[in-house]
Each structure stands twice: as structure tokens, then as C-alpha cells.
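In the part that follows, the structures are each spelled out as C-alpha cells.
Heads up, the next two complexes both have chain A, just with different partners, chain B and then chain C.
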Partner chain A sequence: MREMEAEQKTRTDTDSLRYKFKLFIKNRLALVGLIILAVVFVLVAFGPTLSPYDAFGTDFAVKLQSPSSAHPLGTDNYGRDVLSRIFSGARHTLLAAVISVVIGLVLGAPLGVISGYFGGKVDLISMRGVDILLSFPPLILAMAIVSGLGPSLLNAAVAIGISYIPIFARVARSRAVQVKRTDYVQSAIALGSSRARIILTDVLPNSMTPLIVQATIYTGYGILWVAALSFIGLGAKLPTPEWGLMISEGRQYIITGEWWMTVFPGLFIMLGVIGFTLIGDGIREVTNPRLRLK
Partner chain B sequence: MDLWRYFLRRIILTIPMVFGALVIMFTVTRILPGDPVMMILGPAHASPENIASMRKLMGLDHSVPVQFILYLGQLLRGDLGFSYHAGNPVSQELLSRFPATFELTTFAFIIMVVFSLPMGVVSGYYRNKTPDNAISVFTVMGISMPTFWLGLLLIYIFFYKLGLAPPPMGRLSAEVEFPATVTGLLLVDTLVAGDFQAFLSALHQLILPGVTLAFFNMAIIVRTLKADLIETLEEDYIRTAKAMGIGIRKILFRHAFRNALLPTVTMLGAIYGSLLGGAVLTEVVFSWPGVGLYAVESITYLDYAGLQGFIVFYVVIFAIVNLLVDLSYRWIDPRVRLD
Partner chain C sequence: MTEALLEIRNLHTYFKTDEGLARAVDGVDLIVPGGQTLGLVGESGCGKSVTALSIMRLIPDPPGRIVQGEIMLEGRDLLKLTEHEMRRVRGKTIAMIFQEPMTALNPVYRIGSQMAEVIQLHQKVGRTEAINRALEMLNKVGIADPERRLNEYPHEISGGMRQRVLIAMALSSHPKLVIADEPTTALDVTIQAQILDLINALKDEMGTSNLLITHDLGVIFEMAQWVAVMYAGKVVEYASAGDLFDRPLHPYTVGLMESIPHIDQPVSPDKMLKAIPGMVPSMFTEVEGCSFQDRCSYVFDRCRIEEPQFIAVNSGHRVRCWLHV
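This part shows the complex of A and B:
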């Protein structure tokens, strides 16, 4: 009797959030990801306050200076402090990436769930549409969309979000198909639950984990695409301290050796992407017992 | 016979895809906020008569649905419209620029395959040991680096610092004469012309953009191949082969590698597409005169026809690549039937 109780206890323990969090922390890479993201979020929240200089304050007396104690990451061609611009710009790049994922998730996940749950013609037609969208790499699709909406950071985020719809639709659909076959959904159907109820209380919550994993990883990629669109002139406008735009501004100076204008914003982009990727992988590992055993 | 029917079906299936892409493209570009007519004429020539005649010339005096039907009619005749900023028909512009993009993406593709397949195998075989960890660092960096940033970094190191790379301006050094155009691929044309110095110059120009473009996708292939190899190595038939005393090298390359390769090959089509997309950024960084650079210029000049032409062109190329990839499954895995 006592043994059974103990077994029950451990079983609920492995499913508890606390246990999962412990596992997550044990995974050293995920912990690194968490630390990186904490830093990034501090920058998003307090970037301008933490900046030693005004991100827009030009001072030609100190233009194009290499990193020094006064300007740890150097100054740009207008004499603006690169460190301050990176700190203040974190929110632009990050928020755009988050918005893109939210759009992809909000439009894609319901589409996938409905498509997977109802099957048949609904599934066929919506998945054809998804295939068409998928046939464009995000950058090409975003180029088409942004050129239609006009270049701005928000439009870049919207465009990337649209290119994310098929990704979330696919993930949600495959989960919905799986969940629909489970006994508890079948019994809910037998009990006469409405479709809306089943979708909202069974299918959607059970599709959350893979969606969260994808959302985390694609926020990271979102940083890359936002920066890329800004780089080719389809995102943030001057003089916004957006990271991709900063690289584009530094571009012409790299040939003459002023590397800091370009290198540092790029490093922060990388850091952000790595943070989100590691966290996504970490969540995947914690929530998927099969991967955990390996 | 079987093969031809499959071929035909695939081509027919491609049509709705291209059509859907066209509809999206068209609606999106027609709600552009800027006015392309003003852009072409410039403020000096923007008299009302000029504007009206230009609108008529560009077909902008019709309603959007009519414009779309007219556009489709043109497409069927192989006419992609006139590119105002380049001063040439779009189809001519794309065709003359495509060899540059094709040369770049193919070169990158070769670099990618040559380096990523061995890395994937090593990483999968030595899982969680030093070689795998080293490769993991490399792949994590690969997927998190912005392509254009890597390109600029390479320019700084190899052009500015070390002086090993040529200036990032186009496909040939300024001192070298262009060979007569045969294929449009400079590596081929220079050899045809027997100009070895030009060949070396073309190769020299190609290396940095090629590596830049290959890097991101290389990381993705390594990760996929590693995961698949790990799974394959746990299969019963591998254990049996080990028990039979077959050498590990033979097991790895004859048995495991071939079976683990299939999901990777599935990705190659998408990856070539992604290379074409990434080529846009790489071409901008290295002033590489390909279709991607043309697309970005078209956006800058509000050149509807140019951008649309690029997207149509892209979708068609992508469909062809996917068809080839599907066909190649049969070669790798005879169990896959064409249906």
C-alpha cells in the first residue's frame, strides 16, 4: 500500500511544473539560454535608462572612434555611442520579433487545429494554402509583403508573422490529428460535447507544448529576419537604433577598417537568437520524455 | 512510362501553387503606397498629360482585377513586363542576371554539402564527445548569425585585414576582361575562352560570398543529419551488423549513412530555396549582380514588374528544384514509389 502511494507520488512529481523546471535548470545549455534572455529582457525594458549616452545624440568631434574607456564599443559615423545605440535598440528588434511570432501563432495555430480536427475538404484546402505560403522562404515572402505595405518596422514584423503562419499551422495540425484519435477526445465526442468545446478544452491545450517550443525558436529566427529586412531597407527607418539597420549603416565603413559599428550589433543579434534557440531546445527536452531519456 | 506520368502530375500540381503565389504577389504590390509613375517621371516631367499617358502605357489605368487578367495573359506569352529602373524587359533582365545567382547558389550548395555531410556523420557518431561538442558550437553559431553580418565580417577579415580576398564588388576583378558569354557562368565561360587568369579571378570573387551563403544552411543540415544518424544507429539491423563483426566504417557509410540521409535529402529542396532567398542578402553585401540584387533594387525604385517578375521566377525555379528532389528519392531509397 505504502509502495503504491510512493509510486503515485513520484509519478505526479515527474509531471509537476517544479520538477520540469528543475530538469530545465539542470540542462546547462538551457540555463545559459535563460541567462542570455534575462539580459536581453533587461535591455528591452530599461535599455535607454542603462545607456551611458543618448542613442540619438550626434557629436562629430568623436565620430568613428574605436572602442575606448569612454565609448566601450566605439562611436559611429555621427559620433553616436554604439553601446548606447545597441542598448536602446534592443526593444525595437526584440518587439518586432515577438510581434511576428504572435501574428504567426494567433493566425496559424487555430487554422492548423481546425484543419486537423475537421479533416476532409477543410484540411485539404487550408493545407494547400499553407503549402503555397511555405514555398516562399520567409525573406522572399516578407519582401513581397513589405513592398506592398510600405517599409516600416511594424510592417516588417507583420510580414514575417504572415510567413510564420504555415509553420504554426503545420505544428498545430499534426498535434490536433494526434489528439483527436485519443480515447478521451473520442469519449468526449461520444458524450456529446460540442466541437467548439472539444477544441477549446482538449485539442488546443494539448497542442500547446510543441507550439510554445516553436514560438520560442521562431522568436529567435524573427530577430534574424527583422534585422535582415532592416538591412535591405524594408524595416526600421533611420535613425532608429535597430540592430540590423545599424549593421547596414556600418557596412560602408567595414572596408576602411571601422569594424565596431558592424560587429557589435551583430554579436547582440547572435546572442538573442542563441538565447531563444537554447530555451526552445530546453523546453522541448523537458516536455518530451523520449528525448530526456537519451 | 510511370516516370513520365508522375512528372506530368507534378507539373500540373505546380500550377495552382504558382497561381496562388501570383494572386498574393499581385494584390500585395498593387496596394503599394508610393506612385511608380511619379518615380519614373520625376518631379520635372510630372505634368498631368505625361502622368496620364504613362499610366496608360504601364496599364495602370485599368482596375486591379483587369490588370491581373492582362498580367496573366502576358505571363502566358512569357512576357514579365518592362523593368523601368533597369530600362529592359524584366524577363531579359532576370535571364541575364540568373547565371550570376545560379553560379553563387550552386557554389554555396557544393560547399555546404561537402562540409556538412562529414560533419553530420562525425557529430552523430561521436555524440556528446569532443568532436560533437566542437561541431555543435559551430552549428549554433551558424544558425544564429545573420547572413549579411557574416559576409561583412569575412570582408573585414579577409579583404581589409589579411588582404587575401578581392574587394567585394561583383564577379570579376576590374583588371580582367569578361569572357564571351556562352553559359553566363563565369567559371565555365572563362575556361571555354581558355583564359585561366580570368577563371582564377572568378573563383577568387566567388569564395567569400559562397562561404557566407553556405554557412546558415550548413548548420541546419548538420543538425538534421546528426539527429537522423543517431536514430538510425539504434536500429536493430545496425546492431546485427555490429554483432556480425562488420567494420564500423562500413556500417557507418554503407548502412547507417544511406538510411539517415533520406530526411536530409528531403530538406535539400527547401534548402536550395532558402539559398536563393539568402542570396538576396549575400548579393547585396557583395554587390553581386544577380537576381536578388535586382529584386532589392526593384523595391527601392518601386518597380512593380521587376519585383513580381522576380517572385514568379523564384516560384518556378523552386518548383523545378522540388521536382528534382522528389525524383532523387527513388535513387537513394528504392522503397519510395512514385505516386
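This part shows the complex of A and C:
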């Protein structure tokens, strides 16, 4: 009897959130991702407060100084502290990345769910539209959209968000196709639920896990793409301390040896991307028992 | 015989497939009397479940279509209702209990909120009242500690208990007809008996009629007052349970009875269980004459030429066989 109870308990535990969190933490890489993300979020929330100098304060007396105890990551061509600019800029880059994912998710997921649930002509038409969007490399598509909207950080985020729509639509569709065949959807239909209700209460909630994984990973890519658009002048405008823009500003100084202007913002972009990707993979592993077995 | 709650007349449901037209249901006539249980029995693939789904109008179209027939529920032909009207019949007037309790509950919601949702779908009550009624139903289906179960997720309870929850959900809107499609096939034998007893008890308590689909004649014997035997998409015999077990008329029904082992008759090597020889005809080919002709030991010329009609032998006992004209 006691054994049965114990078994019952472990079975229940494998699905509890606490157990999943433990499993997540056990995965070293996911833990690293979590730590990176914590740092990034602290920067987003308190970046300007944590900065030792004003991110916009020019001081030509100390321009282009290599890393030192006064300026740990050096100064740029206007004598601004690179560390302070990176700290203050975190929120611009991150916010733009998050906005793009929200746009992609909010527009793409319902499209995919409806397409997958109804199937037939609806599916055919919307998925061909998605195929057309997917046939462009995302960055090229985003560039085209920004050129239409006019360059700004928000427009860059919107453009990346639009290029994300097909990605989220695809994931949501494939999940919706699975969920609609489940017994609980059949039984909901037999109990008299309307299609709208089934989509909202059955299909969408049961499609969330892969979408969350995808959203996390694409927030990481979002950082990269926001920076890329800013780098080519289609995102943030001077003198915003956006990471991609900082690299762009510093690129002419690489030849003359002032590498810190580009390398450090680049390192932070990399860290952000890696952090989100590791977390995304970690969530995927925890929520997919088949991956867990290895 | 009490008044009919549900009467199906000459139902035909076909599916268009790559291999051709599949005649899954090809002539079903049956009556579910009010307050009683009709057992629909037949082997796999004979059209039992398609009949049930046709009643609920849940045949996926395409590829399926109900091409002919009438499904009369309290004088209304369900096949003539709009989809919107039909939605109010589903769950409210006719409820269904499925075969797979393990997967028929939505994994992301607690038992209580799923049940309350269904209750609010058909009854104008607030959330608190809906939860109270859910609790009452869980009590009715014999779930211990129902307050705790309300706050649990489906994966936290056993298969038998899930089937009880599904039965509670199906009955929560006081339906007139409950269709149970092999409700115990996926459960342990000990739990099977409990669930069948429960379905029977609730039928009497709540005054519902049951359409019980099974391939198990033993279950029919325990549960049903009336029996419809299906073979190759057709109802071949319809009778009261007593009549059918005492005096099976269709050779297929006789064959089914003989293939059941009896606990009081030892099976000796020279007296093995009888199996029905041959195979069920493909549902893709149209058979001329009786669909049982190739397996029937009483077959004669007429069986190969003309399809037998569904003939009343005496009041309530009907059979589709030329032997009994």
C-alpha cells in the first residue's frame, strides 16, 4: 500500500511545475542560460542606474581610451564610456526583440491555429501566403519592410515581427492539427462546444508549449536582427546606445586598433542570443519527455 | 414496449476514400425505447461507431456523408437540423461516453473547471453554482473525496476514475439519451464491471435511455433490454434481449452466440468453440444478395440474388434473413 502511494506520488511529481523546474536547473546549459538572462534583465531594468557614467556624456579629453580601471571597457570616439553605453542600451535592443516576438506570436499563432483547425481551403490559402513570406530570408524581408515604414527602432521591431509571423504560424498550425484529432477535442464537440470555444479553450492552450519554446529562441535571434538592422542604419538612430548601432559606430576604428568599441557590444549581443537559445532548449527538453530520456 | 425515444430508419453513411466508396453504414434500422438500454453489438468494422457518430452528426465531411435515412429523436429528424440547432442537441439532449478515458480530458485544465465549463455550456448558471453541480455529479458517480478531485488535473487520477469523471460530465446536463461507445474496453476487468454497474444505476436514477455499443455479448446480456446485431454495415437482427438470447434467428447471431465460451460447459478437444468461417465482405464492393451469404451454412439460391428485407417475425423481433420469411 505504501509502495503504491509512493508510486502515485512520483507520478504526480513528474508533471508538477516544481519537478520541471528542478529538471530544468539540472540541465547545466539551461542554468547558464538562466544566469545570463538574469543579468540581461537586470541591465534592462536598472541599466542606466548601474552605469558608472552618463551614456550620452561626451568628454573629448578621454576619447578612444583602451580599457582601464576608470573605463573598464574603454571609451568611444566621443569619449563616452562603452560599459555605460552597453548597460543603458540593453533595454533598447531587448525591448525591440521582445516587441518583434510579441507581434510574430500574436499575429502568427492565431493564424496557424485557425489554419490547422479548419484545414481545407482556409489552410491551403493561408499556408501558401506563409510559404511566400518564408521564401524570403527573414532579414531581407525585414529590410524591405523597414524601408517601406522608414528607419526607426520601433519600425525595425515591427518589421522583424512581421517576418516572424510565418515561423509562429507554422509551429501553431502543426500543433493545432495534432490537437484537433485528440479525444478531448472530439469529446468537446460531442458535448456541444462551438468551434470558437474549442479553439480558445482546447486548441490554443494545448499548443502553447512549442510556441513558448519558439518565442524564447526567437527573442534571442531578435536581438541579433535588431542589432543587424541598426548596424545597417535601418534601426535605432544616433546617439541611441543600441548595441548594433554601437558596433556600426565603432567599425571604422577597428583598423586603427580601437577594437573595444565593437568587440564589447558584440559580446553582449552574443551573450543575449546564447542566453535565450539555451533557455529555449532547456524548456523544450523539460516539456518533451522523449528528449528527457537521453 | 415503451415509446421510442430514438428511432433510426434506413440509415446509410458512406465515406469517399482513395480505394473507392466505403459503405460503412448501409441500412441501419433500430429503436431506443425511453428509459431502457439498447445494446448495439457487432464485430470490429461493422459500422457500430459510425452509427453512433451519425446520430451525433459528427461524421467528418468530407470524406464522410450521411446519404440516406432518418434519425428521429422525439419526433424530430436530427438530419434536418441546422448545425447550430444540432449543437444544442449535442451534450444537452444526447451525450456521449467515449472509449478512451485516458485521453478524453483536456490535460491543461483541472477536473472542476472542465466540468463547470460543460455545465455552463448548457445551463444558465454562475461559476459557483456550476462548481457545486460538478461536485454533486462527482458524488453521484461514486468518486471518493470529490472536493479534492475538483482541484486535480486529469493526469493525477486513474483511468477508471477518469471514466467516472467523463460519465459525470456527460450526465451533468441531464441528457435524454446517452451513447456509450465501448465505455469499458480500455479499462481493467475489475473496473469494467464497476463502470457498467454505474452506467446502469445512473440510467435508472436519472431516467435516461442508453445506446450501448460493444462487441461483447456478455456486456449486452448484463445491461441491455433490447439488442441490435450489426453485420457489414447493416442491422441484421433486432429483438428484446430475452428474445434474442432464447431464440436467435439470424445465422450470424447464432454464430456469435456459439462463439462464446460457457463457464458451465467444459470445452473438450472434440467440442471446441465454433468460429464463424470466412471473412466479412469488403465495404468497398457492393454485394449482390445477402452480405452474409459466403459465411452462412443455411445459404440457398435466393440469398445470392436478392437482398433480404428487414422483416418483423413477431412484435419487436425483426430479422434480415430469407430463412424467416
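Simple rule for what comes next: the second predicted complex is superposed on the first by the 289 of 294 C-alpha atoms of A that agree within 3 Å, B and C clash if a C-alpha of one lies under 4 Å from a C-alpha of the other, contacts with A are read in each partner's own complex, and residues count from 1 in each chain.
Just so it is clear, a residue touches a chain if its C-beta (ideal position, glycine included) is under 8 Å from a C-beta of that chain, and two chains touch if they have at least 3 such contacts.
The structure displayed is predicted, hence computed values, not measured ones.
Placing chain B and chain C on a common chain A by superposition gives a fit, with no clash between them. Using the contact criterion defined above for the overlaid structures, shared-chain residue A:184 touches chain C, although it does not reach chain B. Of the two partner chains placed by superposition, A:66 touches none, neither chain B nor chain C. With both structures placed on the common chain, the touch criterion links A:193 to chain C but leaves chain B unconnected. In the superposition on chain A, A:252 contacts neither chain B nor chain C.
With both structures placed on the common chain, the touch criterion links A:202 to chain C but leaves chain B unconnected.
Between chain B and chain C, more residues of chain A are touched by B. Angle at chain A (Cα centre) between the Cα centres of chain B and chain C in the superposed arrangement: 100°, in steps of 10.
Applying the stated contact rule after C-alpha superposition, one finds that A:233 touches chain B and leaves chain C untouched.
Think of it this way: put the two complexes on top of each other by chain A, and the tightest Cα contact between chain B and chain C is 17 Å.
Under the contact criterion defined above, no residue of chain A touches both chain B in one complex and chain C in the other. On the chain B side of its complex with chain A, the touching residues are 16-17, 20-21, 24-25, 27-34, 140-141, 143-149, 152-153, 155-156, 159-160, 167-168, 230, 273-274, 276-278, 280-281, 284-285, 295-296, 299-300, 307, 311, 314-315, 318-319.
Considering their complex, residues 128-129, 131-132, 135-140, 143-145, 147-150, 220, 224, 227-228, 231-234, 244, 247-248, 250-251, 254-257, 259, 262-263, 266, 269-270, 273-274, 277-278, 294 of chain A touch chain B.
If you check the complex, the residues on chain A that touch chain C are 11-12, 15, 182-184, 186-194, 197, 201-202, 205-206. Residues 56, 58, 87-92, 95-96, 98, 100, 103-109, 117-118, 121-122, 153, 155-156, 166, 169-170 of chain C are the ones that touch chain A when the two sit in their complex.
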